[in-house]
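The next part holds the structures, each set out as structure tokens.
Presented sequentially are two complexes of chain A, the first with chain B as partner and the second with chain C.
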Partner chain A sequence: MTDISLPQSQPSRPWISAAAVIVASGLYSWALLMAEETWQVLSLLVLAVVATGVAIKTGFVRRVERDWAASETRLNRLAFAVLIALILVLSGSHFALLMISTVLLYFVASLGLNIQFGFTGLVNFAGAAFFGAGAYTAAVLGNVLVIPPLLILLAGGLVAMAISLPLLIPIVRTTGHYAAVVTIAFGVLFRTFLEVNEILGGPQGLMVNSMKLFGWDFYNAPSLGNLEISFYLNYALLAAGLAALVFALFRRLERSWIGLHMDAVRLDETAAACFGISVKRTKILAFLLGNVILGVSGALYGMMISFIAPASFTFSDSLLLVSIVLLGGLGSPWGGAIAAAIVVLLPEKLQLLQEYRFLLFSILVMLVLLFRPEGILPRHLRNFFPNRRTDA
Partner chain B sequence: MDFGLIAQYLANGILLGTMYALVAVGFTLFFGVLDVIKFSHGDVLMLGTFIGFTAWLGLEAIGIVNPWIQLVGVLLCSLAGTALIGAAIANWLILPLKKAPQLNTLLITLMLGTAIREAVRLFYPNGSNPKAFPALLPDASVEIGSFALRADSVILVISGLALIGALNLVINRTRLGLAIRAVAQDEETARTMGINYTLVVLATFAIGSGVAAFAGIMNGLYYNEINFGMGLILGLIGFSAAIIGGLGNLYGAILGGFLFAGLQVIGAALLPFASAYKDVFAFAVVIALMAWKPTGLIPERSSDRV
Partner chain C sequence: MTGHLLEFRNVVKRFGGVTALDDFSMTLDQSEILGLIGPNGSGKTTSFNVLTGIYGPTEGQVFFEGQEITGADPRAVYEAGIVRTFQRSRLCLSLSIYDNIMIGDTSRLVRGLWSNLISRRRLEEQLDMTRRQARDLVATFSGHLADRMDQPVGALPMIERRRIEICRALISGPRLLLLDEPSAGMTHDETHQLMDDILDVRARGEGLSIIIVEHEMGVIERITDRCIVLSYGRKIAEGTYAEVAADSEVQNAYLGAD
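Here is the complex of A and B:
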């Protein structure tokens, strides 16, 4: 609609359907994480597929997306609250909290990749290498006690950025497949380097010290009366905080002129340059910022799993990160969150299929690419006025 | 460093270079006709090698033990099977995505590669362990000073180079080659000239995959061992070789293949204290080359239009 018309009579609480979706997703995640029998998991999966199909067919998804855009701040806060509630409810279960934290950190990593890839169109097939650089930084610095642990997270990001500096010249000068080979070569190089380097533990890897925050060691389980609480609760809460922070940054970036420049560079470099946008500067900024985010999430991941080895940061893991971005929809943060949950949870919950998981997973991605190439939740036009209702 | 050692490095480099060039040629052919990167190339190569291995098991089982007949049988089965697989992939996975962003094709073939690798690991009998590939070529060797020239490497290099030469002839001298070059230059004009576009694409993918299967068999005959992961690294190296040579150019792929092998050998020779770093060295030089020549050593001719 191009003409400006007065808002028609809207339901008094337009965000209620989106809020219902958030709460339902929270309940669903709880059910999925608690389900132990294979038949329970399978029926939950079937339920999700059917519900999604019905929601797409009836236009419910589009309505929720519109409502979300209309009252974004409120709904994002609600989503965060539901996430925290979910973490607290599951506070007794090691496995569920580990899963939630892993999903959250992969989500953060996917946001970093999305800045490079969804916004600027820079392909990065070395995501796991930058993620791993953060984790290795945490391992090495964690043994030096003088550094405050919260700074280690930042250091992980800075180291990931620093090792990507030599790549800047080839990244800026190449495009398309030629850029892909630069990052692929770097990913292989990084992994081989870790494997043959004896200071960094070689193929056996390194131990990582746990996170300490204000004198509180994250390896200690918080105690509350005689409730049984897993020490992963610390990490889950910290990961949730990190995810919320990076998500807010991502949204701000998208709405800023920098995000606009990134989109312009992705859509047409020549045209963007004609309008006075520095293609080089935009690409460098996107590449470095994305790698900082990857490094920070990697550092926290390393502390959480407390043991890292080169085998966790291979080319296949980079592919996994890229698949999260593509499955979710390029540039779409919520799509990335759903895709991260699918990629992490599906193989872990279906132990029956554990052996076949990579096979099934690769076939799933192929099917999505063939039949829904725009991803699970395609990105919309940027919303400059997040809390205003548009009738379009 | 004495003569024998240098000659050994040189012989090794030439053999590796031939193998890499054969893989890179496939990437560059596919890019030529469709402007896509088919990343499952390496895993298709691995599948082809396993088909050849299965053919050898079959020939053993029915009692044919003459190594030359076995070799011909293995090559025929492997090349034909792989060519069919390559054409099938083009038909059902790559052509349907022709209109989609290039990245999607790259990703779907990456995933296909994973699927093939996993399928061989899971479903081939005892597929997760390496298999001993038979030595079908004579293992005689000529001693020149401290350097032993193995007959099988000589045969492998000569046949590999002959295959590259034959491929060059096919591309530059036959009607099929003319059609492939026409499609590579301009798809729509080629169609209006009465070229069966789909058929040419399928033929190109069949040829490229068959050539890669030959490289896989070479690999098996030389190292006498094959495993389900061999395709990934060969595919990565072949892709890098095709890129540093310049995509879409047959000579670029050959140059890139030998260059990469040269880098590995130089890396191994110059870093004797740390020969494990040879791949780090080779890939670092690849990145540096990309910074210097962003579209490869023999760039494709292109211009930007807005």
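Here is the complex of A and C:
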């Protein structure tokens, strides 16, 4: 291997290795989603662990990351195309599409949490509450025919933001673990409120009407000749669109002055304040923005699974969301995507683990923190200039 | 109104029973370089912290350019044109050199959510502009770092970190620079070089004033116009370096009376 980084010896298509990884991930996801026997799933997992280990040891990961940074836009588009292709290929399978959509929506939720936790250092242990607030908003507003369902998604985000307003006082006044404890209390409060509230269905929960877009009800399966297509295709495509949109927003935030100020507040509040950064404003912005994203993803999730109950939005679910962020790497969106896939797919694919899933995740988080403390794909230095050569 | 750039008027700062600053009054004029010296714990850093709004004073007033800034919050102090470095380097080690310097440039950068996330033309212009300015500033202090603006600060040795910290303080074009022991951990020659660089930057701009806290008396002697000596929070002497060095009370404070 020529690993000399002289300009003239660079391969003509430096992004090819990264592109290969994207396509391989697509194929792997397909194989994993199609695998039915436990031994198939297990061998795929072993394959993934071995391949990742080899890629890290041989420096392949670093090379891919470098190539990725050099031609980001192109590779992001390819990743999206591969995702859409995967969804279309699996369009006959209810289960596979439900899994893909769930992974995507958890990924979106983890991006919201990452703005709070990864960028600004605010630990939010009530993620599931804000996610749930979005889902309940969809349930309540879905019965009102005059509201266009796309607006319901937005409303889910706004309601999640609204219920987080009272939390701003402790968030701004306390630092570190104290703020985290406040969010734990809030999450418990939220669930108890849902359970005793008769209008919101109490412990039994509520039905959620399906998404409708331009007159098309997502409950209908799209028909194409005599191909059998699952109605989850609608949700998978919309979730992919939402994920792409929020991902782009997340990247823009990271590469803006506000993103820089969030880092500064996380790393040293006093120094940040001495250079004119409003610590309060930055924290408030991160907290609200993150909760809006959690609420929007929750609203779509509610519409998709069509039935919600307080038991779906517990403290354990909040921990699940936090563990996605930790596993993926603080502030690392691609890491979050991989971690969301692991956290959602593993217990579903390995039914024997279902009961032990929280045990499994705790072990997984501990292992990652032990051997790769910055997460599966650690966050990179901020690249303010992704598409420019700025050596001048 | 006072004619001075900065004035401390009878400032007292107590922490519980400890009086860190005791009836401290001083003035600083435009373009002046003032040395603040004294034994450890004599109130030098406390006076910086009171001035930059990290602590409010217990009593007394602080004026900057004729405006009272007593107890103003750190942001307002920064907006007024006062910047500082810290005794123990306080950079964001996981961020790049460029990122760290841009943290010091808040006053000039767009802050709105809209212009940061949606309509980013101004932001792009600012990126291009500040990229050049930050690079030029770094080149003054450390030529070889100017080509490594994307490196994380944590990978740099201490002396380079101090230089980056000074660049962060200077990027916004401040009126008053507070240097808290800039030479800590540096060799004699390195300190010498650093001071020359600071004076170089100062000479280019319009009358930057500097207050420097320093234990290295060679530095104080060479660059300051005037010195103030603190001991147990009180001002015990004021004048040129030669004057205060000859003062018997100052000698007692440093060497101990017998």
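Just so it is clear, the second predicted complex is superposed on the first by the 378 of 392 C-alpha atoms of A that agree within 3 Å, B and C clash if a C-alpha of one lies under 4 Å from a C-alpha of the other, contacts with A are read in each partner's own complex, and residues count from 1 in each chain.
Assume a contact is a pair of C-beta atoms (placed from the backbone, for glycine too) under 8 Å apart; a residue touches a chain by one contact, two chains touch by 3 or more.
This one's a predicted model, so the numbers in the text were calculated from it and none came from an experiment.
A.B. asks: Should chain B and chain C be called a clash or a fit once both complexes are overlaid on chain A?
C.D. replies: They fit: once the shared chain is superposed, the two partners occupy separate space.
A.B. asks: Who does A:L260 touch here: chain B (first), chain C (second), both, or neither?
C.D. replies: So A:L260 only meets chain C here.
A.B. asks: If we overlay the two complexes on their shared chain A, which of chain B and chain C does A:L206 touch? Say first, second, both or neither.
C.D. replies: So A:L206 meets neither chain B nor chain C here.
A.B. asks: Which partner does A:V322 reach: the first (chain B), the second (chain C), both, or neither?
C.D. replies: In the superposed model, A:V322 contacts chain B only, not chain C.
A.B. asks: Between chain B (first) and chain C (second), which, if any, makes contact with A:A341: first, second, both or neither?
C.D. replies: A:A341: touches no partner chain.
A.B. asks: In the superposed arrangement, does A:G276 touch chain B (first), chain C (second), both or neither?
C.D. replies: In the superposed model, A:G276 contacts chain C only, not chain B.
A.B. asks: Identify the partner contact of A:P170: answer first if only chain B is touched, second if only chain C is, both if each is, neither if none is.
C.D. replies: first
A.B. asks: Counting only touches as set out at the top, which of chain B and chain C does A:V196 meet: first, second, both, neither?
C.D. replies: first
A.B. asks: Which chain makes contact with more of the residues of chain A, chain B or else chain C?
C.D. replies: More residues of chain A are touched by B.
A.B. asks: Would you check which partner chain A:A70 touches, where first means chain B only, second means chain C only, and both and neither mean what they say?
C.D. replies: neither
A.B. asks: Would you sort A:V123 into first (chain B), second (chain C), both or neither based on which partner it touches?
C.D. replies: So A:V123 only meets chain B here.
A.B. asks: Specify the angle subtended at the CA centre of chain A by the CA centres of chain B and chain C, expressed in degrees to the nearest 10.
C.D. replies: 80
A.B. asks: If you take every C-alpha pair with one atom in chain B and one in chain C, what is the shortest distance in Å after superposing?
C.D. replies: Closest C-alpha pair between chain B and chain C: 6 Å.
A.B. asks: Please report the chain A residues shared by its interface with chain B and its interface with chain C.
C.D. replies: 268, 270-271, 274
A.B. asks: Show which residues of chain B lie in contact with chain A when the two form their complex.
C.D. replies: Chain B reaches chain A through residues 31, 37, 93, 96-97, 100-104, 106-108, 110-112, 114-115, 118-119, 122, 232, 236, 239-240, 243-244, 247, 274, 276-277, 279-280, 283-284, 286-288, 290-291, 294-296, 304, 306.
A.B. asks: Looking at the complex, which residues from chain A come into contact with chain C?
C.D. replies: On the chain A side, the touching residues are 249, 252-253, 256-261, 263-264, 267-268, 270-278, 285, 381-382, 384-385, 390-391.
A.B. asks: Under the definition above, what is the set of chain A residues touching chain B in their complex?
C.D. replies: Of all residues in chain A, those touching chain B are 123, 166-167, 169-170, 173-178, 180-182, 184-186, 188-189, 192-193, 195-196, 268, 270-271, 274, 315-316, 319, 322-323, 326, 355-356, 358-359, 362-363, 365-366, 369-370, 373.
A.B. asks: Considering the complex alone, what residue numbers of chain C touch chain A?
C.D. replies: Those in contact with chain A are residues 52-54, 73-75, 77-79, 83-84, 86, 90-96, 98-99, 102-107, 109-111, 113, 116-117, 120, 123, 126-127, 131, 147, 150, 152, 168, 172.
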